[in-house]
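Below, each structure is written out as C-alpha cells.
In the two complexes below, chain A is the common chain; its partner is chain B in one and chain C in the other.
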Partner chain A sequence: MTVPTIEIADVHKHFGRTTALAGLTFDAPAGITGLLGPNGAGKTTLLRMAATVLAPDAGRIRMLGWDPSVADERLAIRRRLGYMPQEPGFHRNFTAFEFVDYVAILKEMTDRASRHDEVRRVLDLVGLEKVRDRRIKALSGGMRRRVALAQALLGDPDLLVLDEPTAGLDPEQRLRFREIVSERAGDRTVLLSTHQTEDVAALCPRVVVMLDGAALFDGTPQELSGVARGRVWLAPERSPAARLSWRGPDGAHRNIGDAPDGADLVEPTVEDGYLLLVGERAFTEDEAA
Partner chain B sequence: MSTGWHADPVVLSRYAAEELDDVRASSLEAHLLTCDRCRDALAPLTDAPKLGAIWHAIETALDAPQPGIVERAMQRLGVPEHVCRLLSATPSLRVSWLLAEAFALGMAAIAANQATGTGLAGATLFLFLVTAALAPVAGVAAAFGPGVDPTYEVGLAAPMRSDRLLFIRASAVLGASLAIAGVAALALPGTGWTLALWLLPALGLTLATLAVATWVRPVWAALGVGVGWVVLAAATAVAITEPLIVFHVWGQLLSLGLIVASAAVIAHRRAAYEGRIPA
Partner chain C sequence: MAASLRTAFADARASRVPVAIARPTVAAVVALGRIEARKMLLHPTFWVTVGLSLLLVRGAAGGGGDASIRINVPLLLAGLLVGLLFGTILSANVAALRPRRDHMRELFGSVPSPPETRTIGLFAGLLLGPFLISLLFTAVGWWAITHIADPNINPEEVDWFFVVQVPLSVFALGALAIAVGRWFPTLFGGPVIIAAQVFTGLMWAVPWIMPRSSGIGATWHLVYLAAAITTWVALALARDRSTVWRVAIGGGALALGIVAAVQQAPPGGY
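Entry: the complex of A and B
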C-alpha cells in the first residue's frame, strides 16, 4: 500500500464568517493529484495549507510524514517543497534570472556557482532560456507564470504544490507544462488545482472535486467521467430534461442530465462528470471566468 | 565562428598550464569565446574535464546578472553575495527610497541650520530630530511583510526563516537610515551630543516596530509606533514648553528602556513573524 504524502483529516478553516474548508478529509499519495472545483470551493485554501503558509482552525495535517504545526518539522517539509501560488508576486524590476535566483537563496542555496547552475536549469526546463535576462515587467502573463513555475521547481522538490499553474498559458505552453510535471511526478507528489478539466484528464491519475470546502468526489478521471455515463446525449435542441446544455460547433446540443428514452447517448468526458457533480453553479462560474 | 587573428600556440600552452597572468588570460578567454580554431587548438593541451570546468566557469561568470549600484556597494562593504541579493529586493533599500530619505532629512537639517538664532530654531531642530528618529521605522515597514513584499507567500513556503529575513533587511535599512541621518545631522547647528540626540530614539522606535510586528503587519506596527512617537514628542514639547524635552536625559533613558523591552519581546515572539495562524 502506498503511504500518502499528504494526509488531511477533518480540517476546518474560516475567514471571518466565510467557511473555506468544512471538515475536509483528504489523502494524496505519490503521483499527480488534481483538484477541481468552482471558485470559492476551498482549493486555494487547501493548497496554501499544503504549502505550509496557512494553518487550519481545526483538524490534522501531515505532509511527507511530518506535522507542519511543529516548527522543526515544518522546516523539514519546506526543504522538500516547491510552491507556486495562484497569484505569484514578483519583484518586477528583477530579470527572470534574478527573481528565480532570489527564491533560490530563500531555499538556502547560498553557493553562487551551483545556485546559478540550478537557476539556469529550471529556466531552461520551462523554456525561458532566451528571456532569462529580460525584466519581469517586460514579460507576457504566460511567461511570468512560467517564471513562477521555474522557482517552484528549484531543487527538484519531492512535493510540488501548484495553484492553477496553467492559467494564462497558451495550448503549446500547456503541453510543455504537462511534459514537465509528468516527467517529475514518478515517486514525487504533485498537488495541483485547475479549472482545465483537459489538464486533469491528461495528467492526473487521481482527481478530487471540491465544493463548499469539502471533497465531493475522489477517484480517477475515468471514474469522474463515469459519473456522467448514460447521462450525456446529443439533440438538435436543448432538451427539457437537461440540467445543463450547450450547442456545439456542429450545431447539435450537448445535454447533461437524466437522459430521456431513446436519447442519442455519447461517451462522457471528465468535464461532463465534473459539471454534473457540481451542477449549474460551477457551469455559471466557469463561464464567467 | 572565427575571427581574423589567432592565439600563438605558446600562449595557448601557457594558458593551459595556468601560467598566464589574469589580464592576458581574460583577453584570451574573450577571444576563445568567438574563435572555434583557437578552441580546437587549446583542446589537446588540456584534459577534457578541466577544459569543461574552465568553460563552465567562464560561461557562469559571463552569464551571471550584474548587480545594481546598492548591491555592488554592499558587496564592497563585505556583505556576502547572497545576502546582497536578498537585500536588493527590499523596497526601502532602493536608490529612489534612499534619495527621498536623504532629501527629506537634508532639507530638515538645512532648515534647522538656517533658523539658528531665530525664534524657529528650537522648532526646526525638533522637526529634524523627530524625523530622523522616524526614518528607519518607515524603512522597516516597507522592508517585509504581506502587501509590501510581493514574494512574501513564496518566501513563507521556503526554508529560510521569516524572522531571519526580516532581521537581515531591518538591519540593512537601519544601517542605511542611520548613515543618512548621521550625514544630514552634520548640517545641524551646534556640535557634540546635539548631533546624536535622535540616535537612541531611532533605535528604540525601530525595535518597537519590530516587536509590535509580532502581532500585526509591519506596516501597521510602524504606523502605530510612528503616530505614538509624534504625539508623545509634540505633547511633551507643548506641555513643558521645551521642544527638545523628549530628547533630553529622561527621553534617552526611555529610549533605552524601549530598546531593552522590545528586544525581549522580539526574542520571545520571533516565531510569530512567520504569519501562520496556529492550529
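Entry: the complex of A and C
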C-alpha cells in the first residue's frame, strides 16, 4: 500500500448559495493524478485548496503529510509547491524572464546568479528560450501558459498543482508538456485538472472524475475506460439506444450506451468511460461555457 | 442591493487567501526592489511627466529672445523637481496597483513569501529608483546653483535644510502613492493625489519643500516629513495585515505628523 501524499476527506466548500465541493473524499499517492469533470464540477476549487490559497468550510486536507490549515505546515507546503492557476495573471509589461524571476524571488530564491540560472532553465524547459526577453503582453496565449508553467516548475517542486495546463497549447506543445511532467513525476506528486482525456490516458496512473463537488470515480485510466466496456459500438447512423452519439471522420457513428443486440462493439477509450459516467452533462455544460 | 452586497462580502470571505507566516527577508526585498526600481523609472508615466514638466518650464521661461529668462536655473530646477515628484507619484502608484490589476492574488498567495515582502519591495524600489534619482538631481542642482552665474539665484536660500527636503519629499510622495495604490485599486489614485496637492492648495498650506527664509520651523518640518513617510509605510503594510503594531505606529506617526504640520508653520503664515 503506497502512502498517500494527498488526502482529501469529506471536504465541503460553498460560495454564497453555490456548493462547489460537497463532501469530496479521495487519496492520491505520489505520481500524477488527473482530475476530470465538466465545468462547475469543483476541480478548480479543489486545486486552489491543494495550492493552499483557499480554505475548506469543512473537512480535512493533507498535502505531503501537512495540514494547510496550520500556519507552519501551510508554509512547509508552499515551500515545496509549484502552482499553475487556471487563469494565471501576468505582469504584462514584464518580460517572460522578469516575470519568472519575480516569482522566483517570492519563492525564496534570493541568490541572484543561481536564481537567474534556474529561471533560464525553466524557460528553456518549456521552449521559451527565444522569447524570454519579450514582454508578456506581446506573447501568444499558448506562450503565456508556458510562462505560467515555467514559474510552477521553479525549484523542481515536490508538489505540482496544475489547473488545465494544456488549454490553448498546440499539439507539439502538449506533447512537450507530457514529457516535462512525466519526467518530473517519479516520487513527486502532480495533481492536474484537464478537459483533455487524452492527456489523462497518456500521463496519469490515477484519475478522479468529479461531478457536483464529489468524486464520481477514482481509479486508473484503464478502469475508467472499462466503465464503457461492452457499451461502445459503431453504427452507420445514430442509434436510438445510445445515450451519446457522434459521427466520426470515417462517417460511422460512435454510440455510447446500452448496446443493442448485434452491434459491433469496439474497444472503449478513457473518453468513452468519462462520457458515460458524466453523461449529457459533459455536453450541456460545455455548451453553456 | 443589500442582498448583493451581502453576497459579495460572503464571497470575498469564502475566497480569502490564508496568510503566510514567513517574515520578509532582506535579500528578497532588495531583489524585488531592484526590479521595482527599474520598472518605476522606465514606466512611461515617470519619464513622460518629467519630460512634460521640462516642456512646461521652457514654455514658462519663454524660450524666445530673452536670454536672461532662458537660463533661469532656479525655474529649470523647480520644473524638473515638479516632474520628478509627480512622476514618482504616478509610477509608484502604478507599481502598487500592478498585482491587483493583473490578477496575481492566487499565484502570489501560493508562494512562501508573505505579501509584506512585495509591499516592502515596492518601498525598496522607491528607494533604489526615484529616491536615488532625486539624490542625483539634488547633487547636480547644488552644483548648478553654486557654479552657474544666474541673477535669479539667491544662494542664501539654498542650505542643507533646503537640500535635504528634496529626496525626503520624493520618498514621502512616492510612499503616499504606494499606500493609496494598495488600498484603492484604481488608476485614478495617482492623478487624484496630484490634483489634491495642486488644486486644493494643500501643498501651500502644508508644503513639502520650503526655504528657511519662509520662516518654516526647520526641525518640525523634517519631523513632519519623517512622520508622513512612516504613516504611509504603515498604512500600506496594514493593507497586507492590520496588526496592532502597524496600526499603532501608523496612528502615532499620523498624530505626530499633524502636530508637526501645525508647529512648522510660522506665526503669520508662509
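The rule we apply is simple: the second predicted complex is superposed on the first by the 285 of 289 C-alpha atoms of A that agree within 3 Å, B and C clash if a C-alpha of one lies under 4 Å from a C-alpha of the other, contacts with A are read in each partner's own complex, and residues count from 1 in each chain.
What we mean here is this: a residue touches a chain if its C-beta (ideal position, glycine included) is under 8 Å from a C-beta of that chain, and two chains touch if they have at least 3 such contacts.
These numbers come from a predicted model, not from an experiment.
Engineer: Taking chain A as the common reference, can chain B and chain C both be placed on it without clashing, or not? Answer clash or fit.
Structural biologist: clash
Engineer: Just checking: does A:D72 make contact with chain B only, chain C only, both, or neither of them? Give me first, second, both or neither.
Structural biologist: second
Engineer: Have a look at where A:R120 lands relative to chain B and chain C in the superposition and call it first, second, both or neither.
Structural biologist: In the superposed model, A:R120 contacts chain B only, not chain C.
Engineer: Which partner does A:F90 reach: the first (chain B), the second (chain C), both, or neither?
Structural biologist: Both: A:F90 reaches chain B and chain C.
Engineer: Thinking of the overlay built on chain A, is A:H14 touched by chain B (first), by chain C (second), by both, or by neither?
Structural biologist: It touches chain C, and chain B stays clear.
Engineer: Which partner chains sit in contact with A:A58 here, chain B, chain C, both or neither? Use first/second/both/neither.
Structural biologist: A:A58 contacts chain B only, not chain C.
Engineer: With both complexes superposed on chain A, which partner does A:D133 reach: first (chain B), second (chain C), both or neither?
Structural biologist: first
Engineer: On the A-aligned overlay, A:E98 touches which partner chain: chain B = first, chain C = second, or both, or neither?
Structural biologist: In the superposition, A:E98 contacts both chain B and chain C.
Engineer: Give the one stretch of chain C, out of 62-70, 98-106 or 152-160, that collides with chain B after superposing.
Structural biologist: Clashes with chain B appear only in stretch 98-106.
Engineer: Let me check the overlay on chain A: which residues of chain A are in contact with chain B and also with chain C?
Structural biologist: Touching chain B in the first complex and chain C in the second, residues 48, 51-55, 57, 69, 71, 75, 78-79, 81, 83, 85, 88-92, 94, 98, 101-103, 105-108, 110, 112, 115, 151, 161 of chain A appear in both lists.
Engineer: Flag every residue of chain B that touches chain A in the complex, lowest number first.
Structural biologist: It is residues 57, 60, 63-65, 80-82, 85-86, 88-89, 149-161, 165, 271, 275-279 of chain B that touch chain A.
Engineer: Spell out the residues on chain C that touch chain A in their complex, using ranges where they run on.
Structural biologist: It comes out as residues 7, 10-11, 14-22, 25, 27-28, 31-32, 35, 39, 43, 98-99, 102-113, 117-118.
Engineer: Give every residue of chain A touching chain C within the complex, in rising order.
Structural biologist: 13-16, 48, 51-55, 57, 68-69, 71-72, 74-75, 78-79, 81, 83, 85, 87-94, 98, 101-103, 105-108, 110-112, 115, 151, 161
Engineer: So in the complex, which bits of chain A are touching chain B?
Structural biologist: Listed in rising order, the residues of chain A that touch chain B are 48, 51-59, 61, 69, 71, 75, 78-79, 81, 83, 85, 88-92, 94-95, 97-98, 101-103, 105-108, 110, 112-113, 115-117, 120, 133, 151, 161.
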